[in-house]
Amino acid sequence: MRQRYDFGYFLSEGFHSIFTHGFMSFAAVCMIVCCLLIMGSFTLVAVNAENMFSDLEAENQFTAFIDESIPQEEARALQDDIEAVPNVARAEFVTKEEAQADFEADYEGNPLFEGLPSTVYRDRFHIYLDDISQLTETEEAVKEVAGVADTQSAPEIAEGFTVIRNIAGAVAVILVVILLAVSLFIIANTIKLATFNRREEIAIMKMCGATNAFVRWPFVFEGLILGLVGAVAAFFLQWGIYVLVGRAISGEDTISLITVLPFQPMALRVLGVFVLTGFVIGAGGSVLAIRKFLQV
Amino acid sequence: MRQRYDFGYFLSEGFHSIFTHGFMSFAAVCMIVCCLLIMGSFTLVAVNAENMFSDLEAENQFTAFIDESIPQEEARALQDDIEAVPNVARAEFVTKEEAQADFEADYEGNPLFEGLPSTVYRDRFHIYLDDISQLTETEEAVKEVAGVADTQSAPEIAEGFTVIRNIAGAVAVILVVILLAVSLFIIANTIKLATFNRREEIAIMKMCGATNAFVRWPFVFEGLILGLVGAVAAFFLQWGIYVLVGRAISGEDTISLITVLPFQPMALRVLGVFVLTGFVIGAGGSVLAIRKFLQV
Amino acid sequence: MIRLIDIQKSYDNGTKALKGVNLRIDDGEFVFLVGPSGSGKSTIIKLITAEIAPSGGRLMVNGYNLNNIRPRQVPFMRRTLGVIFQDFRLIEKKTVKENLTFAMRAVGASPREIRKRVPYVLELVGLDQKGDRMPSQLSGGEQQRVAIARALVNNPKMIIADEPTGNLDPMRSLEIMMLLERINELGTTLLVVTHEKELVNRFSKRVVAIENGRIISDETGGYYNNETTI
Amino acid sequence: MIRLIDIQKSYDNGTKALKGVNLRIDDGEFVFLVGPSGSGKSTIIKLITAEIAPSGGRLMVNGYNLNNIRPRQVPFMRRTLGVIFQDFRLIEKKTVKENLTFAMRAVGASPREIRKRVPYVLELVGLDQKGDRMPSQLSGGEQQRVAIARALVNNPKMIIADEPTGNLDPMRSLEIMMLLERINELGTTLLVVTHEKELVNRFSKRVVAIENGRIISDETGGYYNNETTI
């Protein structure tokens, strides 16, 4: 006798079951929401931090002084040679007069440096890097460029940033992985708990001559629906929380040191990941949870 | 008829019940462990970050230049006056010769400043602050001190640190609060799920003439034991994770920019908080969960 | 003493299970309650045990007025009753002995009393060998006997039995009934719901017949309403 | 056709419930299985439905050899049986109608068949008014009748009934038995466990008596082993 699979029936059974086991379904959805929120919030904080770090890095640079014997026009022409050096993102020419003006502005009111002759300053390039961790190598390479007399940088700061970024990245990855593992565990646990008192129901179904597949399908749909509902709820909550926290930060951050990424551009990706995770967790969790009960 | 309360009996019933409902108990303990771990890890990361920030802040300072007309010995004597200013943590005297040596070391190899006469430098104090956010006020106050000619600071950096610290602090607090709320919710949910199929058991007990208190007490003990077990397990796991992560960071952080606080001094406090939370969550959760079932 | 005065009971879905029942059972009586399936017998039992509340009428059980009993008084009222439920209601996660022990603990019995009483009652129902089994490890009839044992274990003032012999073979049924009769002779009031015509006729007791939520006959002397029998 | 050859059954805790049972029930037979509480009747039923596996001996049910049946074949074997369980086993979260519908769906019946068959069977057991109730909203006897209806609904080759009338009044019991007899006359095999001496004697059928895990008599003609009766 061939089994007839009526997916409309399975879907409607799965859907019904959600209401029949109202509290259990509610609990499962809540757990899914909680776990997605935890993971989501984390990943978003990490993405923002990463973004901030790369912003800060963009401001990391060193200075290359040009030989005093080279006239200003020729010096300016060195820009192409310098930008050709690997890992140099951009070089910015600064004349000795500009440099003097900058310096004096920084030390304004400090009588010490007043009236230093402009000749002691030299033409220079501010050189911005792609990867701050290769600062030393790049500095050496720039020194090799004909016309560059000397370079000056603060390697400790660069190194500091690299270390902090690496560590922060590692901590974030570890936390997200732990949270993911914990969340999966929590959800699996919840679904197991929620289906625990359906052991008898399943046993009765099997006694009526139902095949395993026939018993399982409604659970799959139930899981999918719960996962979807959880994912969508988590998505909107995540959005709300993100916007609120972002607003709070902007309010606090009067000097706009921190730029919070806008949510919209990430929205679709977040929703996609949430829904996919919800589906996998919901359906997979239900099926795994009832597997043992099917041995009747 | 007075009810006799035999707590030994309640305790043994609660204990038994843990094994009788083995999977449920296991699930509840796991959830408690998960939640405590999430909260604990977070709080520990936050504590470390806070500690690091205050380290960085300790290096925030400004410089007060002493009037050139004042001889060095008198200048050095101003230290007490300066340290008396509110919010000044510590003042450090630097003679003009030392200042020149420092300056030249910083700009070593830069022919620009070679041979600047030592007289252009002035005696100075490096002043360290308690609270970096009050930099401007403190600077004004120090300027009022007789003998101080001028001060010099980099207010943007100070402000930047303040903002970052505030935001990081706020984000940490928000995350910990959210995690706490989510954890409580998860645990309450779990206990409710775990006790859901004891509805009938409780109804039968009530039908036998048991009072609410008689039914409830074993649940209280069960909850306390589960909470305790969860807390202790979470504590050791937390310890292990902390040490491992700390070791990983030290390995990465070759220039020892980041100091990971040792776990031992915090251990007792962590254990205390965990056990207390475990007790409250376990016992409170059970009692709340069965409350509805008692209306029979 | 039980007194039902014009008791009505409608369930949430609108079913009128009892439509004005008047019944008085005095201390020391032995009463059979008979009637077809769905006539309202278990509903009367559930009202007496305060498991459900009446929709109308007045209800007194062993001196407690169930119309306005305070929730914290209910356990004490229940301790005057030993109830055998139609669906047994054993605690699935406790052994037979633990089920009985719990029932005694719940009313505040001392460990000493429990150690003496439990084996005695188990022997009465023929389960002395099976005290350490879980309910799921017993046959239907054995579970029913555990339910009977639990009702007896606290020596209650009154025993209420809802089909106590539905799963028992005729010999066991007779044994249990004779046991209940003996207990009644020692002063315990008995209200027994049953379908077993033979038993009802064998014991010449008061028989209350209910049909469709109304009492249709109430006579003493081993009488089982003829119109509804085979 | 059922064939038990020297069947032994020991439960996990060591209880020897069956100690070598030989029983052959041919297609179209009507067999009563009687015996005292705990004698092993339900154990035989559970073996036939493949709910438990025998510890020894050979077991054949409707052409399936249960000694080495593949797990995926079990549902198809079960579809040849309609089983009335001693503890009803209704799905608590489905209404009466849904319980029957599920049983039909599970064997692949079409919605059309279901719409025709379910009300018909409900009427047979006298529950046409209560199709939309949850099992918990029914009296004991009504739940038992739902269990009976579910066993009938798929028109199985064989009906196995474990005390199908334990919670029913004598008139209902007789009705159900007469219904089962009629079904048997249409070709369905019947195995009925019962304690009701009167019913067994009224229908002159084959009676298998079991005691203490062994078959002690197997005779045709309305016989209820005299030594164990009242």
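Per-chain residue numbering starts at 1, and chain names A, B, C and D are given in the order in which the chains are listed.
Everything below uses one rule, namely that a residue touches a chain if its C-beta (ideal position, glycine included) is under 8 Å from a C-beta of that chain, and two chains touch if they have at least 3 such contacts.
On a predicted model such as this, the values are computed, not experimentally measured, just so you know.
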In contact with chain A as well as chain D, sorted by label, we have none
Looking at C-alpha means, what's the farthest chain from chain C?
A
Centroid of chain B to centroid of chain D, CA atoms only: how many Å?
67
Between chain C and chain D, centroid-to-centroid distance (C-alpha), Å
28
Taking the mean of the CA coordinates per chain, how far is chain B from chain C in Å?
62
Please set out, as single numbers or ranges, the residues of chain C touching at least two other chains.
none
Shared-interface residues of chain A (touching two or more other chains) are none
Select the category (line, ring, star, complete, other) that matches the graph of chains linked by touching.
ring
All chain pairs satisfying the touch rule are A-B, A-D, B-C, C-D
Note which residues of chain B are touching chain C in the complex, please.
1-4, 6, 9, 17, 20-21, 200-201, 203-212, 214, 295-296
Residues of chain C touching chain B in the complex
49, 51, 71-72, 74-76, 78-79, 81, 83, 85, 89-94, 102-103, 105-108, 150, 154
For a test of understanding, state which residues of chain C touch chain D in their complex under the given definition.
11, 13, 15, 34-38, 41-42, 86-87, 133, 137-142, 144-145, 162-163, 166-174, 195, 197-198, 228-230
Chain B contact footprint on chain A (complex, rising order)
23-24, 27, 30-31, 34, 37-38, 41, 45, 109-110, 112-113, 120-122, 150, 152, 156, 159-160, 163-164, 166-167, 170-171, 174-175, 178-179, 182, 185-186, 189-190, 192-194, 196-197, 241, 245, 248-249, 252-255, 257-258
